[in-house]
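There are two complexes below, and they share subunit A, which is joined by subunit B in the first and by subunit C in the second.
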Partner chain A sequence: MRLIAASILLLLTLTASVVMLGVPYHYAQQDRDNINAGATHQHWTGTDDLGRDRTVRLAGALLLGLIGAAAASALAGSLAVSAGMGAAFAPVWLGRIILYLSDVALTLPWLFLLMMVRSALPLNLAPIHSATLTFLLLGLLGWPAFVRANHARARTLRTAGWLVHGRAAGLHPLQLARQLLPHLAPLLLTQFLIYIPVCIVAEANLGTMGLGISEPLPSWGSMLLALQNSALSANTHWIYLPIALLVFVLLLLEMLLVEVKS
Partner chain B sequence: MKRLAGAVLRLLRVASLVLLAVLGTMALLRFAPGYFSDSRELDAQHASIVREQLQSQQQREGSFASTATAQLRSWMHGDLGRSRQFDAPVSSLLRDRIHTTTRLLAGGILAGWLIALLFALPLSLRRGSSGEIMIALPVALLLAVPAGAMATACLLANCGGPMLVLAAVIAVRDFKMVYSLLRQISAAPQLLYARAQGFTTARIIRAHLLPSLPGELLALAMTSFVLALSAIVPIEVVFDVPGLGQLAWNAAMNRDLPVLLAVTLLLAVSIGVAAIFADSADSRTEREPACA
Partner chain C sequence: MNAGKITLARKIFFLVLGALLALLLLPAPVVAQEIAWSLKYDPRTFDPALVDDQASEMVRFLTGGVLLRLNRVTQQVEPSLASSWTISPDGKLITFHLRDHLRFSDGSALTSADVVSTLKRVLDPATQAPVAEEFIDAKSVTVDAPDTLTVRVHLPQRVVGIGKVFDEIAIEPANHPSQGRITAGSFFVADYKRGESVLLQHNPYYWRRDVNGSQLPYLATVKLGILTNRDQDELRFVRGQYQLIESVPAENFSVLAQKAPHAVHDLGPSLNTEQMWFNQSPVAPIPAFERAWFTSRAFRNAISLAIRRSDLARIAYDGHATPANGFVSPANKIWYNQSLPPVHEDTNAALALLIKEGFHKNGATLIDRDGHPVTFSLLTNAGNHAREKMASLVQQDLAAIGITVNVVMLDFPALIERLMHTQNYEAALLGLSNVEPDPSSMMNVWLSSSPNHQWNPSEKTPATPWEAEIDRLMNAQSAAASDAERKRSVDRVQQIISEEQPFIYLVYPNALYAVSPSLSNVQFSVLQPGIVSNIDFIKAGAK
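Let's look at the complex of A and B:
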């Protein structure tokens, strides 16, 4: 199951890359004679409300979503493992403060927090910077969810014989951390895979509210917002393709996750 | 004495949560690169005047510590400030919208829990994993749809409203937790014995399963509440519901700091109070273990 899901995801990513490179349209190029059009030989899955090729935009959204979410997930995982290990190996009072702060951050509705921070960014932000900042924020706000798990794992490792021996032998904390990381790898992989769909969903939700990645860069959020704005005036069912593909990608990621959890 | 100390500790925890949330929000917004900018700057006619206003505001505000102290002091006196966007007292804006959001939250959470329980109870009592397999696909499908996308789809299909979407968001996430909780409980030896004795499913649910649940369910309700608070923003925005979520979104789009801070304060207080309820229910369950 995991292999099938991973293969389909890889195939989708490769197809999206080929589309981005091979199709003679730019994601921002407008064809004003074909607005909200259905599938044609020219535009395989039709065009949006500005006459932009939907296939190219979908491919761009898929690639941007996956790459951005993977980067955000890696950042959140790194911060979580640093905080978890820090809390386990630091003096007790410092460990408690780290865990308390992560608990406080966890109790806040983070979509709301994300929305506030995203809204406070400059108005004239370039699209690529808005994408970078959106995923950077997702990475920076995602670590508290995983701190407890990392802390628990690091605490069990703290009393391991080889680690005690290493400390007694005078190994530097950084050397010890390098030895510890492989033991945390399975946990890190699970966290990484858990947080990718979370980031994609968060970006889509932010985009629905007009606070996601700026136009004309294609993203799941901006495509959902366009669907909301143009669905009533469009005569084609192709406009629902972004939502269908988004759900399909998230299902594939969920399938990957089920296998890893089991 | 021990109980009093526990209550004081919980109150301190809530107070620190509120303080940290408010100070964190202030710091995040105050130091964000776009804090001293306004959407009116995009209008060529007013841009220069707005820029001058923002510059004078920047000079007036001073350090972060003085701004935060002034804000906290005015809150102590019951003054939540004045909305920059609506030019109205923030307290009156909140008062107008709080009922709508409370109704939506209460209805959505309640309906979500009912749906989750209605599916989880009978499925958890089935032997083997057939129940899990039956529900796996719809659950995975619903989990994969973002709240904003679900709301958009409902709006376009002209079926269901904000409460139904919120209920679906809550139900699908809570179902997984309630189902695994019930599976654990239903595997207990006394329930196997009750089954062997020929007790009906309805009686097992009424006499054995439900009494073991309240503590855990209250703790899970806290998670649902936080989840609902996150989901309510896109839902209110998409369905154009005049609630707190829409107000916060409007404030975020227009950089209306007093409104954003007041909504954060309200959210932090409500989450803190919900956490107190969840904690006290949890400690009560620990003191009085459910009879088997």
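Let's look at the complex of A and C:
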């Protein structure tokens, strides 16, 4: 099942890449005489409310969402494992402070925090920079949720015989960390896969509030924003394609996760 | 015993049956004349003197008895509680003659004492009535009543368009403000459930009658639902729970037209405008070279030329907007300057203008004379679909002349913080709702000293000669003795704005309404309230 899910995801990513490279439309190109069009030979899945090709934009949103979310998840995971291991191996008082801080960070209303940070950023940002910043923020804000799990796992490893031997043999902490990481790998992979859909959904939420990735760069958020427009949804059913694909991608990611957990 | 019970049961059965048949055969009861529509939020106040929001204004319009009423269709002031009124030649004395036998909704008599009391309360700085500002020097205004039917208002100076000010002052019982419960208008507030509804009942002592002598208003009750969700509003309208929608969003108009083709009405351009502008404030934290672009008349005119307003109207408003060429909408029949040049869209002319100004193209990018690529952010409020679309269209239009625009959508508080306080933005795209046609109502936008002079707020002295001229003309029109003189001044201001483009006007959104065909005698107007301005004559279920 995991293989099937991974294969479909890969296929989707490859198809999106081919579409981005092969279709003769730029994602920002407005065909103002063909707005809200249904499927045609020119525009396979129609156009959006500004006459932009939906297929290209969807492909762009898929790629950007997956790449950005994967990067954000990797960043959050790295921070979480660093904090968790640090708390486990540091002096008790320092470990407690790290854990308290992560707990405090967990209680923050992160969506509002994201909104505040996003609106405080310089306005004149290129769309690609806004995308980078959005996912960077998601990565920086995602780590606290995983610190406790990493800490617990690192604590069990701390008393492992091979580690005690290594420490007694005078291995440098970095060398020890390198030995520790393979033991944390299943946990890290799970965290990585859990946080990818979280980032995708968070970006989509921010986008629907107009705070995510700037136009004209395609993103799940900006595409779902069109769904709020009830008039548009009445005009063409193709407008539901982005949300259908988003749900499908999230389901595939969940299938990967189930397999890892099992 | 049993037979007796059966007989009694039979009797009861036939009695009930007979009663039911009688009910069925009786003529149908007269359905109360009631209509309902929605307010977008709770009225902030029911005190007519303190009204400062649209929901409260609607309640005041429906309940408040006023000396003079602005006819929303003809845009002329007409007598209401006052049967007549005069202004002295110097404009400093206004005399109102009240109608005979006026009564409040509780049956008590309405006399000049009530009018004097109401006016004094409105003019008292302690009340903080927003309408008091329109008297310019409210604390110097005095009011007296030589008899029970005459009221005199003494002004320290002439106030242009003073008549319409009295349209906003609802007369209340002397020294007894009632929060809309006792009124001299068409209705009074009968019930209010916060977050749910406001129920208005007709005033049985209302002064007005139709040509046949029948008591007005025809409607018995008006129910104003509190409903923030526009989709819900439309759903209830389609189901028949609401009989009108005061403002239909352009993007929903077509869908509503499909569901209820005879109910939707596009009245053409409203008084409202949508515009973009550049931040020209010297204190704005933007680079000097950007400020140099923004203060350049040629740059602003080039931007204006490059924007395809017809596309904005067609795409962003689904065809329910009109390309704009100035701050006065053509719907404002009295003040619109007919001689303004029409909307001009020409990308090549825009580029030529920029090249003449020292800009040049390097590949697809426009470069200024100092080598800076021309790029700026365009701020608008998140959640407004039409504006979001307009910003994207402008982005594409300006890309055609090599300008990179980064569209930024912020929530309204963050936007206002930047526009009004920090001045930390480059360009903005927003709209202005004009509730009244008189240009004096826009003094706070055009005077250079005003904090609402958006492109360069609160100037100590006018930054440019043309801004000084606008100051002079706006002040002149506010003190002019004749309407013709005022019109000349306002026409010139429109001309200057058209030449200098401090605001680049984009479109006039159309006035879009939905009214159930079951209502009759509805009169539409672009002034608010757009559908119920003749509420006295509206009938429900007449068709």
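Going forward, the second predicted complex is superposed on the first by the 256 of 262 C-alpha atoms of A that agree within 3 Å, B and C clash if a C-alpha of one lies under 4 Å from a C-alpha of the other, contacts with A are read in each partner's own complex, and residues count from 1 in each chain.
We adopt the following convention: a contact is a pair of C-beta atoms (placed from the backbone, for glycine too) under 8 Å apart; a residue touches a chain by one contact, two chains touch by 3 or more.
Computed from a predicted model, the values in this text were never measured in an experiment.
Partners subunit B and subunit C, once the complexes are superposed on subunit A, run into each other and clash.
In the superposed model, A:Pro127 lies in contact with subunit C only, and not with subunit B. When the shared chain is aligned, subunit C comes close enough to touch A:Ile35, but subunit B does not. In the superposition on chain A, A:Ser214 makes contact with subunit C only, while subunit B stays out of contact range. In the superposed model, A:Gln228 makes contact with both subunit B and subunit C.
In the superposition on chain A, A:Leu181 contacts neither subunit B nor subunit C. In the superposition on chain A, contact is made by A:Gly51 with subunit C only, not with subunit B. In the superposition on chain A, contact is made by A:Met115 with both subunit B and subunit C.
Set against each other, subunit B and subunit C touch different numbers of residues in subunit A, with B touching more. After superposing the two complexes on chain A, the stretch of subunit B that clashes with subunit C is 44-52, out of 8-16, 44-52, 62-70 or 98-106.
Shared interface residues of subunit A, touching subunit B in one complex and subunit C in the other, are 115, 119, 123, 125, 209-211, 228, 231-232. Contact residues of subunit A toward subunit B in the complex are 101, 104, 107-113, 115-123, 125, 197, 201, 204-205, 207-211, 221, 224, 227-228, 231-232, 243, 246-247, 250-251, 254-255. Contacts from subunit A toward subunit C in the complex involve residues 28, 30, 32, 35, 49-51, 115, 119, 123-127, 130, 209-211, 214-216, 225, 228-232, 234-235. Within the complex, the subunit C residues that touch subunit A are 231, 234, 251-255, 258, 311, 314-315, 318, 375-377, 379, 382-383, 385, 388-389, 391-393, 395-396, 404, 406-411, 414, 424-426. Only residues 16-17, 20-21, 25, 28-29, 32-35, 37, 39, 41-42, 140-141, 143-149, 151-153, 155-156, 226-227, 229-231, 233-234, 237-238, 248-249, 252-253, 255, 260, 263-264, 267-268, 271-272, 275 of subunit B touch subunit A when the two sit together in their complex.
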